[in-house]
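Each of the next two complexes has subunit A plus one more chain, namely subunit B in the first and subunit C in the second.
Showing the complex of A and B:
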């Protein structure tokens, strides 16, 4: 009896060894010879539904990938559910994706509170939770949460980049800061102060905060002007950013104005604030803006437009969110291609955490994606741009956060 | 007096006294069967489905509370999402900040919401019908924002992440199943308490106030007291549901308790059946599952499909699912004659 079991074990071990040696296919739930299942949640309805275009653009991108033969012959099944930006709904939908639909991985789930709600769950279940659509810094935590990874430059990185620029170019800076009093605002300020290093205490003359529930930030702007600040670091969401820009112009305060990228939309912020009032503002960028005349003849932008027209004709051709979705989908395709025939969850994370100098067509030239088992921040470079009254004009080098 | 008689007769409460013995047994048997099914069902479903049913039960407890207020007492509330949020945050803060076992958070959430509901009920007494609906609506709007102000306690917009409760006493179930049974137990207790409350003197007073406040006052019912009390008890139910919801979801954030939640509760009690205890369960199943089905049917316009379902429900079952079932069973029992008397 013992001998029979021993023999069986030997056969099994041998089989396993041969299998590994010859590169046999290995699959976790959600992957097979013909298919890779990917799960996603997006706010197609509710208060944040303007982000919903990201989910639709992702689906359009994977449709193109499938038409071109898929990834090593496997078609992508992209399952995206509406969570309405409501965390309990995200928990429910993600459990549906993982437990019922049996997806191989979760990809680009959108929102900071929504991803926080599923953070522990996906890490306990060991489901790859890749390239989440939020700029919070906490997603790069390979030790505590080895299955979750961000994608876009995080708020702290961006803060550090402004600080770097100020140290180099504005040695006489007296800095005033306005920030939203929550994790998002504090994240930015922390990165900014880290970037200034031990100079922070000398350079920053006044910090003002506001609550997201406040009606205006006008008194804060007046205080900042009276503090004598000649550099303004503006960490506000679109509504307050427009107010701040307008108020500063009204009271004749003309600092060097750094505006966080959360609010650098011309249509949503600068136009309501008055384009003339916004002249000279500096912000940070990592994607090509399809409306920027300097990319008019750029082959990558033309290819993006062709893709939009063919696969997502109902989408808005001026919306940078669609550029974002296109690029983040390309990053995932890169990772899945590198997985080869070993489509296990562990291997997906291994490949996602070993990207070397990946360039994407719609990233600004010079920006590359790099990750490692200890670095879960894929994009950490940005380029500054100055608003000239009609458009953002990029200047200087691509800056790295660290 | 004639008017009062009419009022009492129109209320659904008179039903138990008129029901035939046979019908009583039938109802008991149906209830027993449903209970048996509810106990067995988690062992045949996936954990995800168990989790969904648990959420439906949580909503059912909240709907019981709202139904007490709106269905039985006639006060409309568009703000019960706020009490749900207060209950949820009570549980989350107790568990995460003070490391108190989750079991204790349920009574605490109930007591706090009873107090808040009572206090809110006192000024709300001056408001009737739609005006009260508007006043409570502000509560639903304000609470998620207020939560962001007390960041040290509530975690601000980022909310609070909770740990999933372990299964106690080495019971042979997994964590999802344990939460299911815990919620089922609380739901049954809530139904029992609600039934006892409503089928007694207090219940008759609550319903009389809905049907004819002047007549009720003439009969010696202290209308303001009972209205505030009903508001408090209703908020208590919803608060307990909120605490359970937080434990089941393991996360609270202001975004979890938007205005839509309050409106969903109202949809739930109307679809389920106003002034009906079992209606809370049907309504909860509706608000839990129908949006998902709608999304399966159409990715492009799930809420339009949801709307169609809602209109169909109201058209086919104007008295809600519970009212519809009651009519069916009556017709079956008494051969259709009793229907006219309803």
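Showing the complex of A and C:
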């Protein structure tokens, strides 16, 4: 009897010793020896539901991770709710994720107005709010909101990159700007003007805005043409981008046309606007487009295709959103792997804010992910591409925003 | 000068679009005494029907006619099945039913066709017409032409045909109409059917300009309301003139009044609605309606 207890004590002591030696496992709600719970909201219904494929692709990616053994043996439970792109609904769903489902972290919640609605709440509750699916610049605020982090190049960075290009290559530029009169449009214009620096006032000849409720932007395009602008910075969502491209061609305005990446989809924008009308337009990219012939034999793209076929066969193999989801999920897996056995919310943030030169297979060559406790902007590089009438042709080198 | 002329041309073009939808609003108001908030979404849905037919390989004008017929039946059915049961309810209930219809049609279209914009063909040749330095889109001219044709058709219909007169009578004085043998219920349904037809035509004219998507009519409907209010809800001529006035005002104010600029263009339309209602509630061309209470 005594021996038996002695044996147990020995095991306990040994176990403790091992625990101390390797660092004990530490968990916050949502993490355990077998599971990591991740929460997400996506618009699976409503006007923004074309983004819904991102949520489905994320689920497909985590399914693959789990089939391959999970993260240090822990399976990912990915809980994604529909918020219909409606901020009040996002608040409701995120509270449900945090308070009832008890997720360890929120990941890639989609949309600028929707994330704005939960921004204060998640920071007050100290829930990691990682790699949100929006390009707004405000997500990189480690002092005011240390629990929220973006992922993709933000709108200001992109605006600065176009400005840099114009300063270098188009010294005679007379710039006309069309932008959506809200946070998104103003974010781009601010980055663009910052990039032009003290030349902004000289180079910009006219700024025109539109409201998202306007039927058309034709009147604005006429004014931009008549301002004598020879460079056009087009900050519009797909519907208005297509209108602007078509109207400019119709009235014979042929500026050097910079189109924000929000609307650089060939299928959703350029084809409706007329591929011929879109020839020569310049935009910015950071992901490999699976339809781009130059990546036809790229092993990373082939691997992505194989993953799509196996884990997300109902998804659209031409949709860059599925490349986006694949890459952002890889970034999260990288962070969780670095967390090791310390799956606390604080450690998740610590690891997310110390990524160094991470490359991902579907990022354009030369683009790396870097974060630090004072830098909450993971991707800040882009490459320009020009539309040749059928596809985007990348040119120049990868450009950094700062 | 060039800017002015081009903005006028563009204002006329959007005015034509507002006028075509405003006509449908006026039509239904004249025929049934109801302001139909779902008019825009009905038009949008009809346009999707046309798009489906075109995609299936039906030639443009065949698809056009088929859409018009289908929309007529659709409008008729909506009146019979949805509006009828609340016919005698207070006006507010009917308004709410219309708004419900708006939301349902919008979501239905999004569910079936997705929210990605789709190009919609124009029946007119693509080459723009140049007068000096001013460019007129041929489609824009076509919109204006067809809107004026619809107006003429409506005028003749309501003034000279027995059916049109019967519909007006049924809307204005249901009891007496019934006494002289007009089937009031059917007249109302017919009114909805015809309004759906006008809406369908408007939708097919609008879609090539703004692209086809479930929300394509939401902005236009506000301007159409402004047009109909300005011209007078009881006057088809007024609705069309109102449409052109709103289109031109919007462009000129947006271009030449720096204080308003492009930021407050929509506000101009709303101010117009309120202003007209305050100063001349029946609109420029409308008759003041007198009702015995």
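Definition applied: the second predicted complex is superposed on the first by the 380 of 402 C-alpha atoms of A that agree within 3 Å, B and C clash if a C-alpha of one lies under 4 Å from a C-alpha of the other, contacts with A are read in each partner's own complex, and residues count from 1 in each chain.
The rule is short, and it goes like this: a residue touches a chain if its C-beta (ideal position, glycine included) is under 8 Å from a C-beta of that chain, and two chains touch if they have at least 3 such contacts.
What you see is a predicted model, and the numbers here were worked out from it, not measured in a lab.
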| item | value |
| --- | --- |
| Superposed partners subunit B and subunit C on subunit A - clash or fit | clash |
| Partner chain in contact with A:63 - subunit B first, subunit C second, else both or neither | neither |
| Touched partner set for A:75, first subunit B, second subunit C, both or neither | neither |
| Touching partner for A:46 - first (subunit B), second (subunit C), both, neither | both |
| Which superposed partner A:211 touches (first subunit B, second subunit C, both, neither) | both |
| Partner chain in contact with A:145 - subunit B first, subunit C second, else both or neither | neither |
| Touching partner for A:86 - first (subunit B), second (subunit C), both, neither | first |
| Contacts of A:120 with subunit B and subunit C, given as first, second, both or neither | first |
| Which of subunit B and subunit C A:386 touches, first, second, both or neither | neither |
| First, second, both or neither for A:334, with subunit B first and subunit C second | neither |
| Selected from 2-10, 56-64, 92-100 or 164-172: the stretch of subunit C that, after superposition, runs into subunit B | 92-100 |
| Shared subunit A surface residues [contacts with subunit B and with subunit C] | 45-47, 181, 211, 213 |
| Residue numbers on subunit A that touch subunit C, as the complex places them | 45-50, 181, 208-211, 213-216, 218-220, 222-223, 226, 238-239, 242-243, 250-252, 267-269, 271-272 |
| Subunit B residues within the subunit A interface of the complex | 46-49, 51-52, 55, 145, 148-149, 151, 156-159, 161, 163, 245, 249-256, 258, 260, 295, 299, 302-303 |
| Residues on subunit A engaged by subunit B in the complex (per definition of touch) | 44-47, 81-82, 84-88, 91-92, 95-96, 98-100, 112-114, 116-117, 119-121, 181-184, 211-213 |
| Touching residues on subunit C, where the partner in the complex is subunit A | 2-3, 6-7, 10-11, 13-14, 17, 107, 110-111, 114-119, 128, 135, 137, 206, 209-211, 213-215, 218-220, 222-223, 250-251, 254-255, 261-263, 265-266 |
